[in-house]
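What follows is a group of structures, each given as structure tokens.
Below are two complexes that have subunit A in common, paired first with subunit B and then with subunit C.
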Partner chain A sequence: MTNKDTWFNRYVNSLPTRGWFKLLSRYVVVPYWIWRDPKPKLPGGPRESPQPSENTQRMMNLIMPLKDPSPMGRAMAAMAIAQNVDEIFSGLDNVGTVHTARFLILGDNLCMISVYDGDFSNYIRDFIETIGSVFDAVISQIKGAEHMIPTCDHVEEFIEWVHDHDLFQAPDFPTDLFALQDAAKGLPTDGPAHEIMTLPRDLILQLHANPNLSLGGGYRSYPGYSAAQVRDKFGVGW
Partner chain B sequence: MHYSDLAKRIVDELLRPDGSDKLRPVHTIGIGATGYFEPSEVAPQYCKADHFITPRTKATLRFSNGSGSKTQHDDWSDVRGMATRFHLSDGTDTDLIMMTLPEFFARTPEEFLEFTLAAKPTEVHWVSPWKKIWQMLHLIPPQPDPYPDEEISPNEGAIKFANENRYSQLAVFQAAAIGAPVSYLRAAYHAVHTFVVTGEDEVERWVRFTWQPIDGVKNENPLDPPGADYLQGRLRDRLADHTSRFTLMMQIGEVGDAFDDSTKPWPPHRQRVMMGTLTLDHAAEDTKAQDDYFEKLSFNPMLLTPGIRASEDPVLHIRKEAYAYSSGKRDATPCPFSGGAEDDQ
Partner chain C sequence: MNKQVKKDVDIDAIERDVQGNILRSYSRHLVRHLMLEVTNVAAARRFLGVAANGGSEAVPAITPGSDWGKAKPPSNFNIGLTFEGLKALGVSRRTLQTFPVEFSQGMTKRAMKIGDFGDSAPDKWPAPFDTPEKVHIVASIHADEEGQLDKVEAQVAKAFTVLGVRDGRGLGRGKVFFGYKDSISQPRFKWVKDRTQATADEPLDPLGTILLGYPTSMEDMSFRVPYPDALGLNGSFNAFRILAQASYDYEIYLDEAADFLLKHKDVDLLLPPGAEKKVGKGLDRHAALREIVAAQMCGRWRNGTPYETSPDTMDPDPDVSPTNFDYSAQSRCPAGAHMRRANPRGGHIVQRIATYTRRLVRRGMSYGPDFDPDDFDRKNPDRRERGLLGNFLCANLGAQFEAVMCDWLNVGLQTPSITGTNDPLLGANTAETSRFDLTLPDNAGTISIYGFPRFVTARGGAYTFLPSLTAIRYLSEL
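Our next item is the complex of A and B:
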């Protein structure tokens, strides 16, 4: 085999690290492909599955844009949480299916990150039932959510809104992205195979449709066990 | 033992032009090691096999590069293998064979033969810089340049096959980017197939095994390769005055999981159990006697023991014949399932 490692070949190999090529990619190549092969926004949250371990320790990554992202607005959002800590903790105890939950202010968003067992809609419905007033206080700080106050009168609409703001969870196995994109377009997921080297492009285009995402289902130290099973094992009373 | 034409054909077709019929057709370059396995406290609840109820079981291992080339290329991106033989208390053995790729290329032996034929190594080509630019403008990663001494490669055929067969895509995609570990002791290995274990309570569970290195997983920097021959030396250096350990993790499958299809790994959310710890304390010395002993070993993934049985995965079942036939073909220490080297030709 003839060695064809010419200076031109080496230069081309270095293109992905060169500033001008990065600019070309960012402002011309990627926008062209977004126009040529648009991807539908993929839905957030864990996907439906009848399997037991897929229904425990599910992740919710709720990203809510702040109405006022100034320091004052951020402080208002922080206060909405801080003034309701007892209500939130008590509500989480009553819901009973939550492993962990926390709020973050990240960028211009208020985020609720939680790990829960069971059905997503029931999780949110239980939450509204137990701490709906806290949700009202929280979403009063959120852009485009005021019309759902009080949440107890807009339960189904609020569940849909939360689902829409829950991050898309990228599949645990990269080539599964093809099937998710096909399904979102209404195509059969067992149709002709995609060219595997187009997977990086499909990921780039998906990140345009879903700029934020959760990378896979994440690590679990004790996968497959519900919060109730863990509590029962330790004998902590409920 | 009788070998089906399919098993023989698969083994024969796997042989590369730069391989040798006196060596394994794949995982050709390797090194032996020894150590012992200690089960965890909970292991007997899940599997009553001898090595999960005996406090300490001696083990013999062989680490390998996945390629069928007889020339050593440790720094090339390649799947690595870890075959473990447990020497049980009743004098029998059981094997556990794993590789760094978490899934396989085909669902059935017939499909695997098709894949083997499609991925037969062909002369490597330099992709022209103009084509690379075209690929980059299509947001497709250009095919890497060949390694300096690389003459043939299965990659082109494997990718073409994967472009036509969804089931092989994950394995081909991950194999293409698998890299080279800094040490055989710093890679995670997967048994890929499903086995059925029986616990003390006589409950059967469908499971998959993984070795996880206590030293942690780490790959070499592909832009600064350490040279073609470093893995065996590093193994000997590490075990000369230290031990190195792996934990045996066991995933428990659920209804709906692919029990008989090794192209589909199970999600990481399945319950998993730490079944024990393997401690390695000796690497094969760089002598002909040691090399002869370890390289002549014949492992077989179907060499099981009461408490563990094979699932219905057809690829796992044909490996029993294929390994035995290959063992005879290369005049190795007879495979436990073969009638001796002479009978296996």
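Our next item is the complex of A and C:
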């Protein structure tokens, strides 16, 4: 295909907006590719990186399906948080590595969105150690999580569960997706380069495996100082 | 879930069941680590069965943890299994799933987290560590004579395929490369008698810090004991690390740091004129500054004297305790020093809740040719590979070994003033970004030094499970 502005090229470019083509894609083309080239679900949370400065601040987007998504069930989830506000505050203080944390009820999910410093497993483990009872109250409202109560007796399992429900963070540079997909399939990282052309297809297939995702690892308006560095600078104790 | 938190503890029974070298060190001159592949499952099981039941003419006995007093055997024999090793011996899928994820993934998959990138990346490791899936068992022989090592190795080789061998030795006077006296501080466990730590005043660590199935240092938290108890209980985990140490480059950096400090405007605060005599016998100003840098980077003078309680001299009179000291906001031991990063003791840290929870038992010996920091040829760099065959033991690799590696030794999250810097001795440093802050007396601030490379590179290793003797019998009967 040339880049000339011929009627044929114009027609091909307009395909994604044409109804018959959308139907064909949804029911035939995409399922065919999912069958031919399935993509494993990519793991949630931030990826390890060698630079400590990039490593300091990280995002968690924990999406937990509500056991009962009716207004009544949602109210129960809201109550579980409200009843533990004091513990949550003191917990944040004691864990020492959390910048902000908030809970959302979104769709049929309870979400916990937070910014923390350092390693994910250490963060969750320290949290369980500090206010495990809050996690217990929260996950009692969540589908498929009850068997991990009390969390302090299921530390390893709970950390893995959170990791699994933490949103995949799509790379800031779209082409980095190829390497992640290869790694998830256990393919060598130094294999032949991918055609840039296939990126949209690979992205669609990935969105099939990870329907929800975080676009990038979050943006910030200042370098990723740790919570304790900020507290130290402002003299509020760390 | 098999929550196995025991209230009454029969420590003698436990010690007889636990492998030696976990609760107490052997203090031998030599070690040989054999990396083994299970190629004949029947032969391997038979070997393990005999080894766990006292051994025979042809099979060495697994050394248990009990204190054998004067009846010291001529050698000690112990094993650690990787996840692949458990699989190879036929452990069921269901049981395998009860092991923690960092162990089932193995050390090479955790590389980024524990700082194994660049020259330390697993794809740069020599054989047999270039095929981690084949490394099933790391067997360790401790002895005082080479002949004993050869004898046991020959016996082992009859039942397993020996993929590789690493020999280590004590360098004498308790020293390791870089010239420090090592193995002074260790955790001290409740109920366990350990002469070397008899006078240490750190809080006692609960048994669950090192063995599976007991209360941990995290109040109500328990770690999962792999199922069944016969396999999991009284087991421990080990991060076996082959860590090459750039001894020559380390000494050259100390030269450069001393040159830099001599010209620094605050040098007289760090070392008042004339005080070099006090730092150590026969030292001139340059040599004293070198030793101050070395001492602050580690947290001990190279002769083992703690910097915290003796910041002006390596030979305090009266002597100070090698183990009893703590850190505070006024500490002379820098927050970035290796020891203080690895064990912040009771000092204030960001992750308050983690105080005294990330404890590690360290068992290691050196490998490679001698290097004398007091007498080496500056003109002809001796960069032959040498370093530490290190074992970092704990009940939970994620909560202890990895947590220390990724947040404390590297990154330095525990104290805001060091966050973003790595351990000066063994962190994943690059000369372009490294920084270390030397403390000055009387809270007069710090002097930063820069430009040091990574002195310690990983050259191999494996996460292993150290099964109890009961568990080794269980494995032999699968």
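Everything that follows uses one rule, which is that the second predicted complex is superposed on the first by the 226 of 238 C-alpha atoms of A that agree within 3 Å, B and C clash if a C-alpha of one lies under 4 Å from a C-alpha of the other, contacts with A are read in each partner's own complex, and residues count from 1 in each chain.
As a working rule, a residue touches a chain if its C-beta (ideal position, glycine included) is under 8 Å from a C-beta of that chain, and two chains touch if they have at least 3 such contacts.
Note that the coordinates shown come from a computational prediction; the quantities given were computed from them, not determined experimentally.
**Q** After lining up the shared chain so the two structures overlap, which partner does A:175 touch, if you call subunit B first and subunit C second: first, second, both or neither?
**A** Touch partner of A:175: subunit B, not subunit C.
**Q** Can A:50 be said to touch subunit B (first), subunit C (second), both, or neither?
**A** The answer is both, since A:50 touches subunit B and subunit C.
**Q** Under the stated touch criterion, name the partner, subunit B or subunit C, that contacts more residues in subunit A.
**A** Between subunit B and subunit C, the winner on subunit A residue contacts is B.
**Q** Figure out whether A:228 sits in contact with subunit B (first) or subunit C (second), or with both, or with neither.
**A** second
**Q** Mind working out whether A:4 is in touch with subunit B, subunit C, both or neither, as first, second, both or neither?
**A** First partner only.
**Q** Which partner does A:29 reach: the first (subunit B), the second (subunit C), both, or neither?
**A** first
**Q** Applying the document's definition of touch, where does A:206 land relative to subunit B and subunit C: first, second, both, or neither?
**A** Neither subunit B nor subunit C is touched by A:206.
**Q** A:214 contacts which: subunit B (first), subunit C (second), both, neither?
**A** Touch status of A:214: no partner.
**Q** What is the contact status of A:198 with respect to subunit B (first) and subunit C (second): first, second, both, or neither?
**A** In the superposition, A:198 touches subunit B alone.
**Q** Considering each complex separately, which residues of subunit A are in contact with subunit B in the first and with subunit C in the second?
**A** Shared contact residues on subunit A (touching subunit B in one complex, subunit C in the other): 49-50, 52-53, 56, 225.
**Q** State the interface residues of subunit A toward subunit C in the complex, per the touch definition above.
**A** 47-50, 52-53, 55-56, 94-97, 117-119, 121-122, 125-126, 128-130, 132, 152-157, 159-160, 225-229, 231-232, 238
**Q** For the complex, which residues does subunit A have touching subunit B?
**A** Answer in residue numbers: 1-6, 8-9, 11-13, 15-16, 21, 25, 29-30, 33, 49-54, 56-57, 172-175, 178, 190, 193-201, 204, 216-217, 219-220, 223-225.
**Q** Contact residues on subunit B for subunit A in the complex?
**A** 123-124, 126, 128-129, 132-133, 136-142, 145-146, 148, 150-151, 159, 162-166, 169-170, 172-174, 252, 254-257, 265, 267-272
**Q** Please name which positions on subunit C make contact with subunit A in the complex.
**A** 1, 3, 100-101, 112-113, 115, 117-118, 218-224, 349-354, 357, 396, 398-399, 402-403, 406-407, 410-413, 415-417, 419-422, 428
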